[in-house]
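Below is one structure, written out as structure tokens, with a few remarks after it.
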Amino acid sequence: MPIDVDAAVIANTRLSDEYNVVALDAPAIARDALPGQFVMLKASPGTDPLLRRPFSIFEILRDAAGRPTGVSILNKRVGVGTRLFFDAVPGATVPCLGPLGRPFEPVDRSGEGWMVAGGVGLAPFATLAEALATRRTPATLFYGGRRSADLFYVEFFERLGVGVVLTTEDGSRGEHGRVTAPLERALKAAAADRSITLYVCGPTPMMAAVASLARRYDRRAVVSLEQVMGCGLGGCYSCVVPVQTDGSAHFVRSCIDGPVFDSSLIVWEDLRH
Amino acid sequence: MTDLAVQIGPLKLANPIIAASGCFGYGVEYADVVDLSTLGGVAVKGLFLEAREGHPPPRIVETPSGMLNAIGLQGIGVHRFIREKLPELRDRRAVVIVNICGTTLDEYVELARILSDAEGVAALELNISCPNIKEGGITFGCSLTGTLDVVSAVRKVTRLPVIPKLTPNVTDVASFARAAEESGADAVSLVNTFLAMAIDVETRRPKLSNIVGGLSGPAIRPIAVRMVYECRQAVKIPVIGMGGIATPTDALEFMIAGATAVQVGTANFVDPFVWSKLLDGLRDYLTRHNIGRVADLIGTLDTRAREQAWISS
Amino acid sequence: MTDLAVQIGPLKLANPIIAASGCFGYGVEYADVVDLSTLGGVAVKGLFLEAREGHPPPRIVETPSGMLNAIGLQGIGVHRFIREKLPELRDRRAVVIVNICGTTLDEYVELARILSDAEGVAALELNISCPNIKEGGITFGCSLTGTLDVVSAVRKVTRLPVIPKLTPNVTDVASFARAAEESGADAVSLVNTFLAMAIDVETRRPKLSNIVGGLSGPAIRPIAVRMVYECRQAVKIPVIGMGGIATPTDALEFMIAGATAVQVGTANFVDPFVWSKLLDGLRDYLTRHNIGRVADLIGTLDTRAREQAWISS
Amino acid sequence: MPIDVDAAVIANTRLSDEYNVVALDAPAIARDALPGQFVMLKASPGTDPLLRRPFSIFEILRDAAGRPTGVSILNKRVGVGTRLFFDAVPGATVPCLGPLGRPFEPVDRSGEGWMVAGGVGLAPFATLAEALATRRTPATLFYGGRRSADLFYVEFFERLGVGVVLTTEDGSRGEHGRVTAPLERALKAAAADRSITLYVCGPTPMMAAVASLARRYDRRAVVSLEQVMGCGLGGCYSCVVPVQTDGSAHFVRSCIDGPVFDSSLIVWEDLRH
């Protein structure tokens, strides 16, 4: 059951001229949050901008005793609201509604979890990686960015024992090119009897590409979609995605029936936002 | 003790705060954030006879203090609504106002018939004002005869309170309120959204897949208040006001202008917990001004002083 | 080099950015913050034949992303304008668009006659859309015959470009653009303000002395863009668009929707230095998209993709 | 000639739970500002609230060498915008347009300057007192507030050699009652041959009362009016006040023909905002 808290900004950590991490004081939300869930944040008081913005829960913040104290978001500056969060001042309060949406289901150690992240699509995987680690499930992160400066938290994942495969479009770090290239080689190489689940988050075209790789190599893939969302609670029908249900495709609300979907059910050619 | 009850024709509401159609899903989506029985009413998402897919995304775009929507009335159709949603709404003791849309007169009549036989429907809101569908709907709402026809036809087949919802996209909204009253409406509700559009200048494409959409939110409030004020002067039946209400002050503004009850739409997207804040705020105001019944506020705008001012100029 | 020139009937403007009437005084007030000759045009405050005091304060009230005004067309009258303001405007090489208001048809005609003989008037904007005066003005603007009558009558007595300014408070603004075109207008400008009101709930009084006022500012932009788009489809004469323009992107949105030029009103209150920012922004955009002439942008909204989407749904 | 600067907030000094002083980095405006002039400040980015707010220039800030570095405003929290200024964070930028309006004309030492302030109406008098002091013009401040906690900067005026007469409505400091009481006694007592000019700023009813005292005791009074202002530059005609001009009363724009007016020209019974 989601709640709304006026969360104080604990810290604003700039990662680059585009990315930052905003830590929010929200114990009650942190306690209930599951990997892949999101929050709806109001960027400023007043009515311009009017609507909240959806953000994946990036980290669960904890005190010395390990008790959840809040959540952080990995913010990428793309417009009005994300710019305001990029400039968030510690001490300011941010209305924070959550946790929202259908979470990832972390596979257990009988299988393997391969996380595929593009850019800010890394956000939902910090908590998923922790969940896989506690289950001692073998995990790999395929993580692509435009350039070296756009790759973050690599050590965080390595510390959790996650195998990390990096790519950049300019070759400044990891493999030169798209994340789908090393992913396809790995899928090709993987023995059929290994039970691998792909978890995917990133730009829509990238998710579509991974979905078709999953189909080709007959692996299960779950994607976390990012549609424009007006409410996050199923009220406005703005966030719909075309999903195969009983034979035909229907528009389904990605805020409450997602954002996490089985990629084989998404009608990728009709998906856009 | 403050009394928040208001009367919409034959229907008595525990309080004047109603969830606006299309902004609250079918109500059940919000059951775990708000106790539906605490609301004056719940106007459910606009229903056609049959299920509809609606428009492809993008379906909304934010604008200054407002938003455009072109959902295209995606919905499950009246039959599935009665089977799958109405029972839960009944169990949760929600006062259900069903917002109905047709592409033809017969469709409105058919919907009214079906819903009159369904248990747990408190009133019918006739959506003759949705700017987002090409056929029907607003074509009735933008012509006086169209409005007369739909309301009279529905009136004939139902005992439920009939509440035509008026569009603001007309020159003289009061004349539509009059037409509705003459044809037997129990109340009118207004405003629906303003036909509007937004363009992505980089791609030179509309920001909505439907090109145009409906503007809602605080941006439109001053126009909506004026229209409610005009309708209040024009008709005796209750006026249900809406358009940008987000705070108790906003709700009071509409009631003082002449609204018997108000609906809240877009604000629920921004804050799904707005409902208790609105109700508490109304109570505080009434206590502060020691007014016993919220109903005593309706249409009490004092224009004397100002009219003097006007003349003295 | 980017070419910002646009053509309004016989009148060539150096650029499409015009100061909106009533938001820029008589122009001279702003002479020391902006070089008037750098503007596409200056639409001066609405003028009657005689001087007017206007309404007593409060004359404006802020609303979400907008403002209401009921100034009541305070003004010095056409004769003092010609004597006291026009010479300085001429000296500063401003392209002067005179916004004229009458309570009767004859008054519009008389004003047009007088201004046609005055040196330094580039065009006449007929204000048949001011929501703030009881008599005249909007009563012409809200009836098609009224619009036809005023425009034809003025057309007969002047060679100056005639630009009726349309009100958005109508069901079908495009039909008014058509009426204006048929009766010989050189262009139409829209939108004037939306009739609206605001109430102080503590005193239960209107916030404006005039009770109602006109809503302007970013809040109305999406409605205004839609109306400009509709008029563009309806007429061949140039459309001058306005309503909430504050940034270059806003101005471009109107031009892509079909405006040949734009006017900027409320934004000038918020930032009197907005003018150079708008012009620089237009130039940057044209360079970035390597478009040589701003005129090539007019009405280039691409609705194909979206219409496909709409059908495929 | 007014200019617009994106002024950084240098400091926000809380004086009470209602009043604060916001110091703004705006050398170019500080250099040209005259006593009684004002600035138009934008309270927040975005379009809600939309309009700027007018504030008297309270202090001219100077560096060690005495060079003007900025201006401060004395802010009273009454609504949306003043609340935002009450919470202003150092480092934030505030669009600041000015200097605007007709200033006070400080009388020279052949006369006397009596400043009459009600509440936040103190704002324009800090700079006027300095101007009178440099002219070595005898100066007095009659300053009324609701309670002791609403009276500020008294020492500032005393340091400039200004005689200070305080009143509070609850009697918690100075004389119990309205500022007009000691003022009237002083006017009664003052010899006719003294040339006294009253400078008045405060709530409209208080200014009207002082204006009628000035009439009764035949002293010149100039008032600084506070009307709702949309633009501050003469563009919108929102700020008009009824002024006697060539025989009859006309609405005059208080932003450019004021805010300072000769009180005898104001038609007080028609003045409201």
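As written, the chains take the letters A, B, C and D, and residue 1 is the first residue of each chain.
Everything that follows uses one rule, which is that contacts are C-beta pairs under 8 Å (C-beta built on N, C-alpha and C of every residue); 3 or more make two chains touch, one makes a residue touch a chain.
Just so it is clear, the structure is predicted and the values come from calculations on it, not from any experiment.
Student: Both subunit A and subunit C are touched by which chains?
Tutor: Looking at subunit C and subunit A together, the chains touching each of them are B, D.
Student: Name, by label, each chain that touches both members of the pair subunit C and subunit D.
Tutor: Correct list: A, B.
Student: Counting only Cα atoms for the centres, state how far subunit B is from subunit D in Å.
Tutor: 47
Student: Suppose each chain is reduced to the average of its Cα coordinates; what separation in Å results between subunit B and subunit C?
Tutor: Roughly 33 Å, centre to centre.
Student: Please report how many Å separate the Cα centroid of subunit A from that of subunit B, as a whole number.
Tutor: The answer is 37 Å.
Student: Which whole number of Å gives the spacing of the CA centres of subunit A and subunit D?
Tutor: The answer is 54 Å.
Student: Listing for subunit A: what residues touch at least two other chains?
Tutor: 47-49, 270
Student: Scan subunit B for residues touching two or more other chains and write them down.
Tutor: 53-54, 56, 64-66, 217-219, 312
Student: Taking chains as nodes and touches as edges, what kind of graph is this: line, ring, star, complete or other?
Tutor: Its topology is that of a complete graph.
Student: Once bound in the complex, which stretches of subunit C touch subunit D?
Tutor: 22-25, 29-30, 32-33, 45, 53-54, 56-62, 64-67, 69, 71, 74, 217-219, 246, 266, 268-273
Student: What residues of subunit A sit close enough to touch subunit B in their complex?
Tutor: Against subunit B, the touching part of subunit A is residues 1-2, 4, 42, 47-52, 95, 97, 227-228, 230-231, 233-241, 250-251, 256, 270, 272-273.
Student: Which bits of subunit D are touching subunit A when the two form their complex?
Tutor: Residues 44, 46-49, 80, 89.
Student: In the complex formed with subunit B, which residues of subunit C make contact?
Tutor: Residue positions touching the partner: 53-56, 63-66, 68, 72, 142, 169-171, 194-199, 201, 203-206, 208-212, 215, 217-223, 225-226, 229, 244, 249, 252-253, 256-257, 285, 300-303, 305-307, 309-310, 312-313.
Student: Residue numbers of subunit D touching subunit B in their complex, please.
Tutor: 47-48, 270
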